Every structure is written in structure tokens, then in C-alpha cells.
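Presented sequentially are two complexes of chain A, the first with chain B as partner and the second with chain C.
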Partner chain A sequence: MPWYRQVYDWLEHRLQLEGPVMEAMVHPVPRKTASWWYVFGSASFVLLILQVVTGILLALVYAPSAAHAWDSLEVLNHQLPLGWFLRAMHGWGSNFMVAVVLIHMCQVFLFGGHKYPREFTWVLGVCMLLMTLGMAFTGQVLRFDQDAYWGLGIGASIAGRVPFVGGQLVHLMLGGPMINGATLTRFFALHVFVIPGALLAFTGLHLWMVVKLGINEWPMPGRIVRRETYMKEYHDLTHTDGLAFVPLAVWKDLFFSAAILLAVAACAAYFGPFGPKGAPDPTIINTVPKPDFFFLWLYTVLSYLPPNLETPFLLIVPPIAIAFLIAIPFVAGIGEKSWWRRPVAVFAVFFIAVCWGAFTQLGTYTPWSPQMHAWSGAPVPEKLLVNRTPLERQGAVVLQQKQCRNCHELGGMGGQRGPALDDVAGHMTEDQLYRQVLQGGGNMPAYGAALSPAETTALVKFLTTLKVNYAPAASDASRQVADADTGTAATGAR
Partner chain B sequence: MEGPNNPLESEAQVRDISRRTLLMKIGIGLNALVAAAIATPVIAYVLGPVLKRKEYLDWVDLGSLSNFPVGETTLVNYRNPFTNSWDGDTANVPAYVRRTSDTDFTVFAVNCAHLGCPVKWFKESQLFMCPCHGGAYYADGSRASGPPERGLFTYGLKLQKGKLLINAGQMPTLQNQAGLGKTPCSGGDASVKPQIVARIEPCPGTDKSTIG
Partner chain C sequence: MQSEVSSRAKNVTRYGCLLLAVSFLAGCKLPGKPKDGPEVPRPEQVLSFDELYAANCSGCHGAHGEKGPAMNLANPEYQALVDDASLRDIIVNGEKGTLMPAFGEKQGGELTDAQVNVLVKGLRAKWGKGDVLSGLNAPTWKATHAGDPAAGKLVYEAACARCHSASGSQPSKGGSILDGSFLAVVNEQMIRTTVIAGRPDLGMPDWRSLKQSGPLTDNEVTDVTAWLMSQKPALPGQPYGSAAPAQPAAAPANKISGKD
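And then the complex of A and B:
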């Protein structure tokens, strides 16, 4: 007997693991589930392991102290060999993991995998999704830069909206009166011990159930799940038309995992690590904080909600959404599994995906944020100043000087908070322009108190020149009638 | 189970088992007691940041009054009164001091009342603008536009021996004021819009801004 066989036998004699492990490995799975659609669960697991390993390696260097965390990331990025690569792997691994977990969830849902007897596997899966998102958020905090600092501020502001105990919650979350060293250590403990510990434990249970209950069979229209007969039907299916999981089905999982790991490494090598952006010094207020990719949709939603709906939305919708996800297998635990017979389910998945995509896309260019430097950085296009009177040119100066450009584009440059002003005189009369500038309204501040009369006049005169060539200026029909009656000229009034 | 001959079924055994289950139950109870006795004080450790809430606020010196020109809004930094030694820069806190007359001061927290991002002051347009979701505030801190539900948060303040002191110490959120003292916000009333009607007419004499 070769020596390694002897070692193996010696160990096996004491460990007694071969039986259960072999049983789990060669358990028969339905032939059709040996499909490329079934690889996302194992890929999520592989990514989790990747995160654990790269996380431990980063923790060898990372200093969870508010005064030093940022510096230690810089050291990782620039001074330690391949430190940047590990940070990049961990960061990209996180993005991939959230994505793959979400795909896994959609696939399971569309294939009816949440139905009897796998309800609890789904419930655990929902918890694991929440933990994955929790890891993504706490991880962003550990990258202790300006985004992390103000991201925490946003988290605290949301917690502060909880009725009655909001104030206490904020202090509990921050570990003190404000975002500081105690906050970082809290999130370090969450990110490194609490959530991963729970996540690994849940993963173990989740896998245990997958092995014990068997992989969800490929759904067929008309093959109805019934509590009384399902177990027997599944057993028959796997034993008449089944494959041993190892090695007949597992090779696709292995191939896909390798491809995913390679993709993470390629992204890491090509795009490099995320940040850290500016140092977490709250006195640097020239900052434009932005959340990580997976929270951009939330950023968008928060800017579009009407102010009085925001608190109810933030506090009520997440619990309802989670309760809804958990309730799915209990409400729809039997019946058809096939997506051909579940139009509502298919529609819901695509609807959510489209909303999420649209919100995320908006979040990448934040049309609701003023551009803080546009007033000094985005000039008035030259062609808008040709053939203008001195007063009108003075108005262009006022337009820049008073930060209008922070919210308004001219010639494609400037903020997008308000509408572009290139053609404003085409649809607004002089009177309407005065009103808009002085009184604001509809998300524009009133400038009445910040403009002198002379400035106002110049500004509005300039605005009235902003229209497409040859197009008529906007006019007020009622005014013409009134003026015709009284005999005054429409323009002479002012 | 192999019928009545099974030793487990014998009467003495059954009595023994029920005694042992009782002992086991007592054992579990003991552990629960010990665990509770140990864990209860630890809850105080975990909730510490909440239990200490009263100690967070303190008076902070922002320096001589002459640092703040009348009619201007100035950005200042102060060191938070309640710090850990490993806080680094995070214990430095910015704030805006607005001085409208010799004795009239307002000190605003930089945190937007919407979600806490740092607002930036533009003295030309007399506006605070928030980079996150586009909230804007007038010079007196009242809400001008955007998602915030209220005006900027203010600190309580007092003037003492030619110095400006503010009551500070915690991040302001909707239920935690920046500090004690004044009403939560000087200008939270959005219905009070700046005077505009008079300004449409060319008003003789001055073309200076009235605010600030």
C-alpha cells in the first residue's frame, strides 16, 4: 500500500468522515439539473471563500483606527507588494458576489426552487442576501475615506428618522456622539466577526438542506408540486433519471467557479482597487460623497422622493420588502414551478430588474446634485455672447457669479438639477423669468434676497436672449389682448 | 425497543431516568442563571454609547468675536468635546458662523438636514447647497429647496468675554440636536420667503443685498 493511502486510512479510521461525505457527493440529482443554470449557488460559495481569504490577508495589515485606517490602505495600495491587488480582489470579489447572489436568487425563484419542501432553504437564502448586502455596506465603511464618512452620515440620518428612539439608535450605531474612532471599530467587528460568522453558519445550513432535500428539479409546465406526493416523485425522478452529483454534474460548477475567479482577478488587475478617495477629514467639505455601486439605486430613490414621504418610505418599505421575500414560499409554496405558467413571477422579476437598472443608471450621473464648481468652472459658451448689449453681457456675468450654473446647463456644461437654459426664452416670457428668478419654486431657491434690482434686470435681459436662432420668443397671449385694449405696447410696460 | 425485556423499561431505570432528567433540567437552569448574571452587565457595555448620551454636549470655544466679520458667514473648525484618542481627524468638526450684527450670531451645523452631507456656503448667491441630493438653504438656514424637511441645524451659543461659545458635541440628526440651547432651527419655516415684491421695482439708492 502506498504511504499516502496508509495516512488516509489512519485518518479515516479516526475521523469516520468518508461515509457521510461520499453519500453527499454521489447523491443522485435529476439529469436536467446538470445545467449551466444551476451554477450560481456554488459560484456564490466560491466567492464567499475568496472574500474570507482575501479579507484575512487584508486584516494582516489594516488598522481599524479612525486615525490610521486610511493610511494603512494607502500603504497597502502603494508600499506592500501586491497589496493593491489583494484590495482589488476583495473589492471586485464583493461586487461579483452581490451580483452572483442576486442572479442565484432570481434563478431559484424563476425555477420555483422556493416551493415545498425547500421553503426554509429560501428563507435562509433571504437572510444570507441581507448579510451579503450588510457586508457590502460595512466593507465600504472600512474603506475609511470621505465616501465612507459621509455614507455613515447618511446611515445615521436614516436611523435618526425612526420615531421615538431615533436619537438613541444613532448613538448606538455610531458608538458615540458622532462618526469617529468608536464607529470604525464597531463596523470592523461587524464586518470581520459578526456578519461573516453568521453568514458562514447560515451557508452551512443552507448547503445541508440542499444536500438533504436534493437540488430543485428542472421545472416542467404541468408538473404540479403537491405536499402529499412531492417527496416520492422527486425520489423516483432522481433514481430513474438521475446522475451522481460527483462527477457527472459537478464539472459545470467547477468550470464556472474557475471562470468567475478569473473574471474577478482580471477586473482586479485591470481596474485596480477601489479608492480610498480623500482622507476622512470632516473639515474637508469640498466633497461629493457617493455610495458604492450597489447602493446607487437607493441614492437615486432618496433624491426623488417627496420630502414628506421620505421618512415613511425609509422606515416602512424595507421591512415590508423583507417580509414579502420571506413570505413568498409560504404563500406560493405549492403548485406550478415552471416560469411558463407563472407570468406574475416573471413579470415581477423583470420589473424589479428594470427599475433597479434605471435607478442605478441615474445614480451614476446624479442629475439632482448641484455641481459645486460649475459657476467658476463651466464658462458661458462664447456664441451666446456674440452681438449682445453690455447689459445682457453683464447679465451673463451675474448668471455665473450667482451660482446659477451649479444647477443649470448652458451648452452642455453645468449642473443638471434644473433644466438646461439654452432655450429658456423660447418658452418663458420676461415676466415669467423675473418670477422664476426672484421667487424660485419647484426645487429652485428664490433669489429675491440675493440679487440687487440692477443684477436682476441684467440677468433676466440675458436670459431673454437664450433661444434657438430664428425661433420666436415666448409671449403671453393674454398680455397682448390686455395691451391691445389699453393701447400700451406689450414690451414697454417694464 | 425490543419488548418488555429491554432494560431501559425496567421500573428502577425509569425512575432513575426521570431523576436524571430533573438533574439535567436543573443544570440547564443553573447555566441560564449564570449566563444571565454575566450577560446583564455586558448589555450595559454594548449600550454604553446610548447610556452616556447626557455627557456628550459641552461648551466649545470658537475664538474671539473679531474673527467673525459682521454680515458674513464663516466656516470654522472645532475639536469635538467628546473624543477618543484614536479619532484622528474625525474629531474635527466644521461649522458655519453667521454674524448679522455686533451681537447677533447663528452657528449652523454643516450637515444637511436631509441625510447629513456637508453643505457648502456660496456667499455670492447667499445659499447653502448640498452636494448629495441637491438640498438648498437660504443664508438664515431656512430651507430653500430640495428634499430636506427643515432648515439647517443650529448650535446653542453664548457670548462670553469677547468669545463665541457653542454648545456642541454630537452629529445632528432629526432627533439629536447639534447642541442644546436654542430652538432646533432658527429658520426652519419654509413659508417665510425672502421679501421679493419690493425688489422688482428698481429701488432707489442702494443695490446692496439685504441678506448677510
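And then the complex of A and C:
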């Protein structure tokens, strides 16, 4: 007997693992379940392992202290060979993992996989989704750059809105009243010990139940789940029309997981690591912090909500959403599994997916933040300055100097907080422009106190030239009547 | 036969290893590899003229230093006219009486001394053409003494009126420079600079060809500037023109009727 065989036997004699493992491997699965639709769960698991491995390697270099975190990422990016690639793999792995977990969840839901007897598998799955998102958030914090800094600030202000205990919550989260060194060590502990530990334990349980209860069969319209008969029906199905999991079903999982890993590597190689963006220095205010991809939708929703609804939204909607997800298998634990017979479920999934996609897409534009550098960095389009009088030209300077461009576009450049001004004179008269500039309104500040009369005049003179040349300027009939009464020619300012 | 196969296999492994090694080396040049230096440098670490100019000056002085709402910096004559110290002073402290903001850190701006130096050097390198004014007896950038407005009025009629009209209310090719609001947001230096260096990007010639009879002298430039400044009304920018003091109530009434 060769030596490795002896070692194996010696171990097996004591561990006794061969039996259960073999049983789990060759357990029969329904033939139609060996489908490409069933590969997302295993892919999530493989991605989790990838994250653990790359995470451990990163932790060898990363310094979880406020003073050194950012620098240690710079070291990884620039000084260690392939350190950047490691960071990129971990970052892209995280993105892929969130995406694949979400797809897995939709697939399970649409295929009725959460129904009897797999309710608890689903509940664990919901917890694992939350932990995955928690990993994504805490991971973003560990990057400790400007985005992380402001992201944390936003997270803390959300926590601070909880009634009664808000203050203490913030203290707990940040390790003090503000973001400091203790904040980072806290998030490091969460990201490296607490959440991954729990996530791995939950994953183990989740898998155990998958093996014990069997993989969900392909749903057939009309095949109803009943608590009394389901177990027997499933058993019969797998034994009359089943396949051994290994090797007849597993190869698709392996193939897909390999493809996902390659995709992660390709993204990492091509797009590189995320950040770190600028150093986390609160004195640098000219930044447009943005949350990572999965939280962009939240950013959009919050910017659309009227301010007085933000707090209720933040504090009420997430708990309701989570409770709702957990309640699904208990409310709809039996009955039809097929999507052909579950229109509400299908509609809900698509509705949520479309909303999420639209909000995320909107979030990538940031039309809600002013562009802090537009006033000095966005040139006034040359064609708006052709044949202008010196006064109108100075008006354009006022527009820049008073930072109107930070909120208003000209020629497609500038902020989008307010409407573009390219043809504002087509629908606003000179009087209305004076009023708008001096009194503001909507989300626009009033400039009455910040502009001298001469500056105001110059500015409005310039604004009145902003229209497409074939269109007439906006006019105000009452002004002509008033002028006729008093005998003044409507010459405007002097 | 056997050995041929095995030697081919050996070849294959050899090439395979080579390929692996090459792709690994290429791995260090993958497109995702971060460029040198931090991804987003701290604002004060930006030391490239083009970046600094684009972010801080292009908004008012134009993307290419011309055809912007404020003075064109891409004018070789202007670059020859003004010295480094004055240029630096204007960028750091802004220009009082005009809308040129102060960019120095101590003045509440964002540019460090090093960055201002980069800007000054870059303006010269990019738009200066050496001493194009030498031997032309050009007026100095800064006025050396106070001007005489009365004499300036005559200079205005001789040198400016044909393009800017004799009175503020008459429209003209260059547009009125006698408008009270305009005069209130510019200062003497701005007019002086414009008269000497011209605005080639807008079709205003330099000091040599404004007057038909020959170049303006330093004194004439000083005087016309003084006269223009003396035309600034006490209360500039009153809406509804000269009629405003006479019937103040009529017009402002519908000024309030805004769009919302």
C-alpha cells in the first residue's frame, strides 16, 4: 500500500467523514434541476471563498489605523508587485458577489425555492444577503478615502436620526462623537472578524440544509406543494428521475464558478482597483463623494425625497423591507411554485429590479450636488459671447464669479441643481430674471444681498441674451401698458 | 517514434512555460494597473499649468485664454506688458474693483504659492512670445500718475468714439463702454490694459491703431482712463434707466410679479 493511502486510512479511521461526504456528493437531484439556472448559489459560495482568501492576503499589509490606512493602500497599489491586482480582485469580487447573491435570491424566489420545507433556508439566506451588504459597506469604509469618510458621515447621520438612542448609536458606530481612529478599528473588526465569522457559519448551515432537504425541483405549473405530501413526492421524484449530484449536475456549477472567477480577474486586470480616492481629509471640501454602486439607489431616493420624509423613510422602510423578505416563506409557504401561476411574485421582482436599475442609473449622474469648480472651471461657451456688449460680457463674468454655474449649465457644462440657462430668455422676461436673481426661490438662494445693483444689471443683461436666435424673447404685456401710461420707453437699465 | 512524441511534448511544455512567463510579465502592464501617484491627488499637489488653468481660470478667461467673458490672457502683447510680480499679485490678491477673484490661500482662495508660480510661468510659456513690445515705446502697464479727465474726453472722441459711440445710449459696433453698470464693475487698470494690449480676440486693436493719427501716448491713455472712470454714476445699476428717479413707483410694481 502506498504511503498516502496509509495516511488517508489512518485519518479516515478516526474522522469517519467518508460516508457522509460521499452521501452528500452522490445524493440524487431531480434531473431538470441540473440546469444552468441553478448555478448562482454555488457561484456565490465560490466568490465568498475568493473574498476570504484575497481578504486574508490584504490583511497582511493593510494597517487599520486612521493615520496609515490610506498609505498602506497606496503601498499595495504602487509598491508591492501585483498588490494592485489583489486589491482589484477583492473589490471586484465584492461587486460580483453582491450581484450574484441578488440573482441567486431572485432565482430562488421565482422558482418557489422558499416554500415548504425550505423556509428556514430562505430566512438564513436573507440574513446572509444583509451580511454581504454589510461586508460591502464596511469594506468601503476600510478604504478610508474621501468617499469612505463622507459615506461614514452619512451612515452616522442616519444612525443619529433614530429616536431616543440616536446619539448613543452614533457613539457606538464611530467609537466617539466623530470619525476618528477608533472608527476605523471598529469597522476593521466588523469586516474581518464579526461579519465574516457569522457569514461563514450561516453559509455552513445554509449548505447543510440544502444537502439535507435536497435541491428545489424544477417547478411545474399545477404541481402544488402540500405539507403532508411534499417530502414523499420529492423523494419519489429524485429516485425515479434523478441524477447523482457528482458528477452529473456539479459540472455546470464548476464551469459557471470558473467563468465568474475569470470574469472577476478580467475586470480586475482591465479596470483595476477601486480608489483609494483622495486622502480622507475633511478640510478638502471640493469633493463629490459617492457611495459604492449598490448604495447609489439609496442616494438617489434620498435626494428625491422632501427633507421631512427622509428620517421616516430611513428608519421605517429598511426594517419593513427586511421583515417582508423574512415573512415571504411563512405567508406563501405552500401552493404553486411555478412562475406561470404566480403573477404577483413575478411582477414584484421585475418592478423592484426596474426601480433599482433606474435609481442606480440616476444616481450615477449626481444632478443634485452642485459642481464646486464650475464657476472657475467651466468656460462660458464662445457662441454665447459673440457680438455681446462689454456690459453683457461683464454680466457673464458675474454669472461665473457668483458661482451660478455651480448649479446651472451653459452649453452642457456646469451643475444640474437648477435648470440649464442656455435659453432662459426665451421664457423669462427681464423683470422675471431680476426677481429670480434677487429673491431666489425653489432651491435657489436669493442673491439680493450678494450682488451690487450694477452687478445685477450686468448679470440680467447677459441673461436676457440667452435664447436661441430664431425664437422671440419672452415678453410681458403689462410692461408695455405700464410704459405707455408713464410715457417711458422700455429701454431697461442704464 | 516514442521519443519524437515526448520531445514534442517537451517543446509544448517549454513554450507553455514561456507563454505563462510572458503573460505574467505583461500582467504588470495590464490596463487596470494604477498609474503612478495617488488616483486623486490632494488639491494642492496639482502642479500642471494646464490642469490649474482649466480648473481655476478657464471659466472667465476662456478655455484657450481668449474669447472668454474676461480679458484674454492669450495675447502676446499683454504677456509682454505685465511683469511677473504684478501677474502674481493679481492672481493671489485678485483685482480690486473688478470681478477678478483672489486665489491666494491667505486671501481665502485655494492656490498655494507654488501653484501661483506654475500659473505665472505657464502663462508666459504658453501665450507669451517674448518681448514683442520692445522698441514700440508702449505705455506702461501701470499708470505712473493721475490722469486729466478733461483732456481724456478729447482722447475718447478721437480714439474710442468711432467704435464705442459718443454717448452711452447710442448702440455701436464695439458696444457702449459708457454704461454706468459696466463702469461700476471694472476699474482703471482693466480699461488701461484693454486700451494698450487691445482685445485681438474681439476685434479691438491695440493702442497703436485706435487713433487714426497715430499711436496713443502714455499720457493719453492715462487721461482717457481717468475720464471714463469719472463717468461712473453715483448710483450705478438703477433699473429702468434714466427715468427711474422721476417715477420710481411705476416700474418696480411689476418687478415683483415674478414667474412663481
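Quick note on the criterion: the second predicted complex is superposed on the first by the 472 of 494 C-alpha atoms of A that agree within 3 Å, B and C clash if a C-alpha of one lies under 4 Å from a C-alpha of the other, contacts with A are read in each partner's own complex, and residues count from 1 in each chain.
By our rule, a contact is a pair of C-beta atoms (placed from the backbone, for glycine too) under 8 Å apart; a residue touches a chain by one contact, two chains touch by 3 or more.
What you are looking at is a predicted structure, and each value in this text was computed from that prediction instead of being measured.
Participant: If you stack the two complexes on chain A, which partner ends up touching A:305: first (chain B), second (chain C), both, or neither?
Facilitator: A:305 sits against chain B, while chain C stays out of touch.
Participant: With the two structures laid over each other on chain A, which partner does A:233 touch: chain B (first), chain C (second), both, or neither?
Facilitator: In the superposed model, A:233 contacts neither chain B nor chain C.
Participant: For A:119, using the defined touch cut-off, is the partner it touches chain B, chain C, both, or neither? Pick first, second, both or neither.
Facilitator: neither
Participant: Can A:434 be said to touch chain B (first), chain C (second), both, or neither?
Facilitator: In the superposed model, A:434 contacts both chain B and chain C.
Participant: Which holds for A:423: it touches chain B only (first), chain C only (second), both, or neither?
Facilitator: After superposition on chain A, A:423 lies in contact with neither partner.
Participant: Which of the two partners, first being chain B and second being chain C, lies in contact with A:270: first, second, both, or neither?
Facilitator: second
Participant: Kindly classify A:84 by the partners it touches after superposition: chain B alone (first), chain C alone (second), both, or neither?
Facilitator: A:84: touches chain C, not chain B.
Participant: I'd like to know which partner A:379 touches here: chain B for first, chain C for second, both or neither.
Facilitator: A:379: touches chain C, not chain B.
Participant: Tell me which partner A:389 touches in the superposition: chain B (first), chain C (second), both or neither.
Facilitator: Only chain C; A:389 stays clear of chain B.
Participant: List the residues of chain A that touch chain B in one complex and chain C in the other.
Facilitator: 279, 281, 286, 375, 401, 434, 439, 442, 452-457
Participant: Can you check the complex and tell me which residues of chain A touch chain B?
Facilitator: 65-68, 149-150, 153-154, 156-161, 166-168, 170-172, 174-182, 279-283, 285-289, 299, 302-303, 305, 307-308, 310-311, 368-370, 372, 375, 401-404, 406-407, 417, 434, 438-440, 442-457
Participant: Can you list the residues on chain B that touch chain A in the complex?
Facilitator: Residues in contact with chain A: 47, 49-50, 52-53, 56, 75, 77, 80, 82-84, 86-94, 110-111, 114-120, 122, 124-127, 129-134, 136, 138-139, 144-149, 169-171, 173-176, 193-196, 199-203, 206-211.
Participant: Mind pulling up the chain C residues that touch chain A in the complex?
Facilitator: 27-28, 30-34, 36, 38-43, 54-60, 62-63, 67-70, 99, 101, 110, 168-169, 174-177, 179-182, 184-186, 233, 235-244, 247, 250-251, 253-260
Participant: Inside the complex, what are the residues of chain A that reach chain C?
Facilitator: Within the complex, chain A contacts chain C at residues 74, 77-78, 81-82, 84-85, 88, 145-146, 267-273, 275-279, 281, 284, 286, 373-380, 382, 385, 388-398, 400-401, 405, 428, 431-432, 434-436, 439, 441-442, 452-458, 461, 476, 478-479, 482, 485-486, 488-489, 491-494.
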